[in-house]
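Next up: some structures, all given as C-alpha cells.
Heads up, the next two complexes both have chain A, just with different partners, chain B and then chain C.
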Partner chain A sequence: MILELDVLLFVILIVTAVLALKVRDLLAAVALLAAYSLFAALIFAGAVAVDVALVEAVLGAGVTGVLFIAAILTTSRRADVVDSSRRRWATLPVLAAFLALMIYASTGLPDKGDPEAPAHQGVAPVYLEDSLEDTETPNVVTALLADYRSQDTLGETLVIVTAALGAALVLRAREQEELG
Partner chain B sequence: MVELFVDRYVYLFVLVLLSIGLYGMFAMRNLAKKLVGMTIFTTAIYLFFIEGSVKDGATAPIISPAVGVDAAGYVDPLPHLLILTAIVVGVGIVGVGLALLVRIYQAHGTLEENEVVARLSGSPRAGRRGHPLDEPAQATSAGEADGEAGA
Partner chain C sequence: MTGAYPSEVVRTVGGLLSPFIAMFGLYIIAHGHYGPGGGFAGGVILAVGVILPRLTLESRIAFGSVPRELGPLAAGAGMLAFALTGLVAVLAGGAFLDYAAVEVGEIAASRLRYLGILVVEIAVGLAVFGAMVLVYDELAGSPVDG
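What follows is the complex of A and B.
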C-alpha cells in the first residue's frame, strides 16, 4: 500500500471518529460513523484484504448505519449533553494509562509488512500452499471460511441467531406491554 | 525516526482510535453515543488485525497462476477470515444494543444515562422531559385495567 495514502486515511478515520462523538445530532453522528466504516474499508482494500473490505462496506457502513438510523428515528435524535466534564476528567487518566500500556506492549510487535513475522509462520503457509489442491477454490479466504474452519462459521451463524432472537424478544416485550 | 514511523505508524493510529472509542464508551452520557464509541473501538481492532496480515511484496490471497502456490506471494489469509467473522458478530452486537436502547427509551423517555439513573432512583427531577410514558401512575393503572379487561 502507498504509505502516504494509508496515513491520510488513518488521519481521516481519527477526524471522523472524534466528530462522530462530538456532534449533538445523533443522525449526523451515524452518518459520520458510516463514513468512518467506509474509510476503514478503503484501508482494508489497500491492505489487499478484498473480502474484508467488501464485508466492512456492506455490513459496517450499510447495515450498522441502517440499524442505528431505525433506532434513532424511533427514539430521540438529539444528544442533550455530549459529555460531563467531571467524568471526562475521571476518564482521561484511565485512557492515558491504557495508551501508555498498549504503546509499551506494541514495542514487542513485528514491523509492518515483515514477511518473517511469527503470525505468518504457523498454519497460514499451509493454507496458502494446500488450499487449491484440497478444496479446488482459488480464493483462500473462501476455502478457510467454508471448508477448513467451517465450524467457526457455523458457530458464527449461531451467534447471529442468538443476537436476532435477543433483539426480537427485547422489542416484543415492549409491544406486549403496550398492548397490556 | 522516519523509518521508525514507517514501521510502526499502524500501531500508533490504531491505539489512538482505540482510545477514542474507549473515551466514547466511558465519558459519553448519551447511550447511543456509547454505542457509536463501541463501533469505533471494534473497527480499530479490525484495522489492527488486517494491517497485521500484510506482507511486503505479497498480493491478495487468491491463488493465481502468475504467482504460483508459494506462500510468500500472498498475504496471510487467516486474519481476513477472523475479521470477517468479527464484523458479522459486531453487527449482531450493535443490533442487540440498539434493541435495548429502544426499550430503555420506551420505559424512560430518554437516552441520557444520568436521567435514566435519576428516574430509576426515584428522584423528583426525573420525568421533566414530558414523554407520554412519564406518568407512571396513570400508565400502569390503564395497563392493568386493559389487562383485566383482556383476561
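What follows is the complex of A and C.
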C-alpha cells in the first residue's frame, strides 16, 4: 500500500461518484459508475484483497454497466430535473452529523494489518494456519468461502438466484401488461 | 439491444472475443484454489461471454448457441448442485456441507475437502452465470430479428 496512491484513488473515487449523481445524461452516469467501480477495484487490489478486487472489477465495472444500459434503452436516457433545494437544507445537517459520527467512530478502529485487532483473534488465526493442511487449498479466501463458511456462501448464492428470478418475474409481468 | 450491430468491426471483435471470455470465466472458476477467483467472479465472466454475442451478433447465432432457457436452467441447476452437495455430506453421517464426511475409497480427508470446494465453486459459478444471463435476457427483451 502506497499512501499517495491511495489518497489519489480515493479522490478520483469521490469525484466520479459525485459526477455520476450530478450528470443529467444517464448513459454518462453509467460510464462514471463503471469508472467508480474500476477505481474501487484498484483500491481493493492495493489493500491486497485480490478476490474482492476481481469481483468488483468484473461485476461493478462490467456486467452492472451492461444491465444499466439495457434498462436505460427500455426506459429513458434523461433524468428528470427534481427541485430539491428545500429538501437539501433538511438533509445537509443529518449528513454532516452522520459524517462526524463516522469519522469519530473510525478513530477507534485498529490499524490496518494490526495482529492485535479483534478481527484477528478467535478463529481467524486457525483458518490462516490450518487451511492449507485441512483443505489443500493455497488460497485462504477460497478455503474460507467454500469450506469453512460454505453455508454463508450457500445463502449468498440463494440470494443472487432469488433476486435474479424476482427481477425476471417483475419484468416479464410488465411485458405482458404492455401487450395487453 | 439485441440483434446484429451495424458495424462490421464490432461484430467481428464481439464474435471473436466472446469464446475466449467464456473460457477465461471457466478458468477463473477452476482456478479459485490457487489464485483470486472462484464461482462468483468466474460465473459473471462466463455470463459476459454469452451476453457479448447477444449485444453484437445476429440473434439467430447468439440465441441459437445459448438459448434463453439456459439462464434460469443454469441458475436452478447450480443452486440444486450446491444444496445436494450439502445433503450428501449429511447422508454420509457428517454435518451439512462437511465434505470430508463423504468417504470415497482411500482419498484423504483434506483431498475430499479440496474436491468439495471445487464442486461448490462450479455450482456457484453455474448459479451466478444463470442469474446474470436471466436478468440480461429479461431486461433486453425478446430478439428482434428472426
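Please note the rule applied: the second predicted complex is superposed on the first by the 177 of 180 C-alpha atoms of A that agree within 3 Å, B and C clash if a C-alpha of one lies under 4 Å from a C-alpha of the other, contacts with A are read in each partner's own complex, and residues count from 1 in each chain.
FYI, a contact is a pair of C-beta atoms (placed from the backbone, for glycine too) under 8 Å apart; a residue touches a chain by one contact, two chains touch by 3 or more.
As the structure is a computational prediction, the values presented were derived from the model and not from experiment.
By the document's definition of touching, neither partner reaches A:Leu8: not chain B, not chain C.
Of the two partners chain B and chain C, it is B that touches the larger number of chain A residues. Applying the stated contact rule after C-alpha superposition, one finds that A:Pro125 touches chain B and leaves chain C untouched.
Judged by the touch definition given at the top, the superposed model places A:Tyr36 against chain B, while chain C stays out of reach. Once the two complexes are laid over each other on the shared chain, residue contacts for A:Ala97 go to neither chain B nor chain C. Using the contact criterion defined above for the overlaid structures, shared-chain residue A:Arg87 touches chain B, although it does not reach chain C.
With both structures placed on the common chain, the touch criterion links A:Ala20 to chain B but leaves chain C unconnected.
Of the two partner chains placed by superposition, chain B and chain C are both touched by A:Pro138. Of the two partner chains placed by superposition, chain B and chain C are both touched by A:Ala164. Within chain A, the residues touching chain B in one complex and chain C in the other are 50-51, 55, 59, 63, 67, 70-71, 74, 138-139, 141, 145, 153, 160, 163-164, 167-168, 171. By the touch criterion stated above, chain A contacts chain C in their complex at residues 50-51, 53-55, 58-59, 62-63, 66-67, 70-71, 73-74, 133-139, 141-143, 145-147, 150-151, 153-154, 157-158, 160-161, 163-165, 167-168, 171-172, 175.
For chain A in complex with chain B, the touching residues are 1, 3, 6-7, 10-11, 13-14, 17-18, 20-21, 26, 29-30, 33, 36-37, 40, 43-44, 47-52, 55-56, 59-60, 63-64, 67-68, 70-72, 74-76, 79-84, 87-88, 91, 94-95, 98-99, 102-103, 106, 109, 111-115, 117, 119-120, 123-125, 127-129, 131-132, 138-141, 144-145, 149, 152-153, 156, 159-160, 162-164, 166-168, 170-171, 173-174, 177, 179-180. If you check the complex, the residues on chain B that touch chain A are 6-13, 15-24, 26-30, 32-33, 35-37, 39-40, 43, 46-47, 50-64, 69-72, 74-81, 83-85, 87-96, 98-103, 105-106, 110-112, 114, 142-147, 150.
Interface of chain C with chain A (complex): residues 1, 28, 32-41, 44-45, 47-48, 51, 55, 72, 75-76, 78-79, 82-83, 86, 96-97, 99, 110-111, 113-114, 116-117, 120-121, 123-124, 127-128, 130-132, 134-141.
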